[in-house]
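Here's the structure, in structure tokens; my notes come after.
Each chain carries a letter (A, B, C and D) given by its place in the written order, and its residues are counted from 1.
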Amino acid sequence: MAQPIISFNNVSKRYPGGREALSNINFTVEAGEFVLLTGHSGAGKSTLLKLIPAIERASSGTILVNGQSISTLSGRGIPYLRRNLGLVFQDQKLLFDRSVFDNVILPMLVTGQSHAESTRRVRAALDKVGLLDRERANPVALSGGEQQRLCIARAIVNRPTILIADEPTASLDDEYADAIMEMFRSFNQVGVTVLIATHDRDLIAHSSPRVVHLQRGRVLDKATA
Amino acid sequence: MNALIRHHLHSLRQSGVRFASAPFAALANMVVIGVVLALPLGMYLLVSNVQSLASSIPTEPQISVFLTPGAAKTDVAALENRLRAVEHVRSVRFVSREAALASLKRSPGMADVISTLRENPLPDAYVVTLGEGSAAAAERLESELKGVPGIAHVQVDSAWVRRIDALLSLGRSAVILLSALLSLALVAVTFNTIRLQILTQREEIEVSKLIGATDAYVRRPFFYWGGLLGASGGLCALLLVFLAQVLLNRNLSEFGNLYGVELRLQFLPVADAALFLAFAALLGWVGTYLSVSRHLSKIQPR
Amino acid sequence: MNALIRHHLHSLRQSGVRFASAPFAALANMVVIGVVLALPLGMYLLVSNVQSLASSIPTEPQISVFLTPGAAKTDVAALENRLRAVEHVRSVRFVSREAALASLKRSPGMADVISTLRENPLPDAYVVTLGEGSAAAAERLESELKGVPGIAHVQVDSAWVRRIDALLSLGRSAVILLSALLSLALVAVTFNTIRLQILTQREEIEVSKLIGATDAYVRRPFFYWGGLLGASGGLCALLLVFLAQVLLNRNLSEFGNLYGVELRLQFLPVADAALFLAFAALLGWVGTYLSVSRHLSKIQPR
Amino acid sequence: MAQPIISFNNVSKRYPGGREALSNINFTVEAGEFVLLTGHSGAGKSTLLKLIPAIERASSGTILVNGQSISTLSGRGIPYLRRNLGLVFQDQKLLFDRSVFDNVILPMLVTGQSHAESTRRVRAALDKVGLLDRERANPVALSGGEQQRLCIARAIVNRPTILIADEPTASLDDEYADAIMEMFRSFNQVGVTVLIATHDRDLIAHSSPRVVHLQRGRVLDKATA
């Protein structure tokens, strides 16, 4: 558990518009770590998280994920990188033209798992987030909090080695938020590396693990672990 | 590998689902492509039929040499020898005035008129057939023979053949032009249909890419859809043309009877029909390819 | 009211923007609709041309009564009187054997053959024209005259007219059928295009409705788009048919010269062309209407 | 300021799926009031808010908005009802195929305002939420918090008499959340009735106005004002 699974080296990100969202970021995450990424609105949390699955590409610097350099990764390699990651997005990106079940099975279809195996794993994931009884429903019929949990189910169904979540508790009240964080912690206990962006102060106060603080695109690393 | 096969099947099933979810729209698309493709296909059929009909007409120029009535037997014999000696001449056939009348009598509608004639008005004649492509020689021979004693009139029959040939080649170039134009139109239809399909499924594509779908995975269902669209449109075109042919044949045979000719359009041979279908599918595929190349890469997750 | 005009203008501008954002796709759509519409339009043009050509041919049945050569003058005079007395007969015209030969001579290609004849083989004849639609009477008269002395042969010319009429009415029904079918196809294309357009703009529609847009506001741009699509497709069809007509006329006039006839296809009168355009726009509108009714109400904000 | 502008009378809402999201709701909002709607995830906050612009229709009971009965409103009347409301949705519903400016001008186009007037008001609204310098940007280029403020600009551009917001501070940290609430309060001061659903405890603790608490689809009204 002391091997860096994610490492940023002098990473900067300047958006085409001219904003430098991240400036000279340096930080590493060890395999099996649980890291909270905090910072004000616009600090660059989402930008940092998007660099890991190569949704955004760094302007300079190198990023290593699982020992592989993202910066030099070709378009063909990106899908295979993403298959090892579980992603929960700030804007949930659910598909409202299909059922809860069909939303969660998507990652299984993409990697071409067998039907039986897929079904089994989708049910397991939905059970984990407490939505198994709504698998036939349309995501429209879910409340904001339920949709949030659906996103988590989709992110974990493929048993990723790294779980990345952007504000997963934003539309949840404190009790639900604690439950969700407990869930992430349980994934972490079975060896999944977890990286979560949040601005929830309570969450930060309660959490024992490491907190990385972003401020105007710079890291203020204070290892609490 | 197993996963790949599974995904191909999945893509095919998706096409089925998509069709079922909007059968009217899909059928409409098919019919339109069918109509567009039926146009050059039907024209091709027509031209190739006229061509095979025309090929049963001798393409070698023929010269009919009508003799003056009551010409001397020796003159006639000398003439025949002279004709046989001419360069390019393939055959010389004597048609007696009795044979000419008898053949005229066999034409429908003529028998009655001819029976009113007091005597045979037709002259004896030689029919001279020249080798293929010797139209110039035929015209030379015509002017040579014009003054010869015992010959009343010389008629070259090659003009008609040449006219039909010219018409046919015009038809052929029209078919090629039309095919090219409408193939382009078909590619454009598929291009547009797939473009809107992609836009419609923008979110699904975006999420799929985020989840680790390869470009090939995202593209595949569109290719299936485009290819199927083209092929089913092609099938529709074959059906339309076949129907038109059946209807036309019914009228043509009646019409042909009037002239004592067998007029029947032949349908495409099965192999050609299959080739046509494959071509239609290919066009659909090309439209999809262009559309996918242009529009799919624009959809990037953010 | 001012707001309404502003929105109509806005909708029109939107159509322009949409065209500019995907000109290739829009043009492709236009061409396809053009081709689909050109088919029945071209056929209509052909049929109406043949019809006007056929109407210059007498539609009243004619009977040619060929006299036995050397028939007695009194017999002939009696016959003429008898013919004039028959019911339905409009006119009786005497064609002498000399006049017949002269007219035959004027036919291209015949002059030479005829000059080889020793004497005129043709008989004198009466051409009897009956009133319109009296084909049955013509046949009755034919059988009546068959035994009469002085008459060698009787020939009814109505069969041809009837055949052309039959062909024309077949052509007309084909045009109607084809028009109906392809109008349907056109409606279907617009339906589908608008359907995909609506699906593509699902979010915009949803947000607009949330913000207080009326159904009319949401629908309007689609109607403009559908109507413009139909009209521009119609324009494309007119162009295609006009081009085909020009090309065909070039060949036809050559062909017609051979028979000494003036063969020229006439284009649609301007009023008809305008009507056609309006019809095409209407079809686009109808397709849009059906599509909008079916698909727009499904998009409800949630 | 003592005239009921919104009133719910025995309103229940059962979704087609069979869930009763709201049971026998009774409550009124006076013109010019500032009301916070709180409750756990799934309590029915969003459902209640959606009944006011007739996005969802009540299963039973009557709702009056501006003296007009929503329950008997025909499809034709709904757009005109909505034009008096400013709506901020939980799932923001921004259009990513056009600029920030074009997102905000949408309500003006719908009501057919003149171009000059529209432009003036859009700029004023963007200025109010601090996004005037980004009017040409695409909403994609905004951070989560900036998008949230964009939604508020769109909701206020048409000068609504009632402002309804579903979790407007979900993706904001506390400082930004306070700023946003301050903004709502300033609208309220110029006479706009404000109704906000939130599960943010700090927000509720800090706020002086009336709080309506929902629990499993029932109102626990405790007028703090």
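Here is the rule we go by: contacts are C-beta pairs under 8 Å (C-beta built on N, C-alpha and C of every residue); 3 or more make two chains touch, one makes a residue touch a chain.
Computed from a predicted structure; not experimentally measured.
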Neighbouring chains shared between chain A and chain D, ordered by label: none
Stepping chain to touching chain, what's the minimum from chain B to chain D? 2
If I average the CA coordinates per chain, which chain comes out farthest from chain A? C
For chain C and chain D, what's the span in angstrom between their mean Cα positions? 63
List the centre-to-centre spacing of chain A and chain C in whole Å, with centres computed as mean CA coordinates. 68
CA centroid of chain B to CA centroid of chain C, Å: 23
Numbers and ranges of chain C residues touching at least 2 other chains: 302
Taking chains as nodes and touches as edges, what kind of graph is this: line, ring, star, complete or other? ring
For this entry, which pairs of chains touch? A-B, A-D, B-C, C-D
Applying the document's contact rule, which stretches of chain A touch chain B when the two form their complex? 50, 53, 55, 75-76, 79-83, 85, 87, 89, 93, 95, 97, 106-107, 109-114, 154, 158
Under the stated contact criterion, what part of chain D meets chain A in this complex? 15, 17, 40-42, 46, 90-92, 137, 141, 143-146, 167, 170-176, 199, 201
List the residues on chain C that touch chain B in their complex, please. 22, 24-25, 27-29, 31-32, 35-36, 39, 66, 68-69, 109, 112-113, 115-119, 121, 123, 152-153, 155, 163, 167, 170, 174, 182, 185, 188-189, 191-193, 195-197, 199-200, 247, 251, 258
Could you list, by residue number, the parts of chain B that touch chain A in their complex? 2-4, 6-7, 10, 203-204, 206-215, 217, 301-302
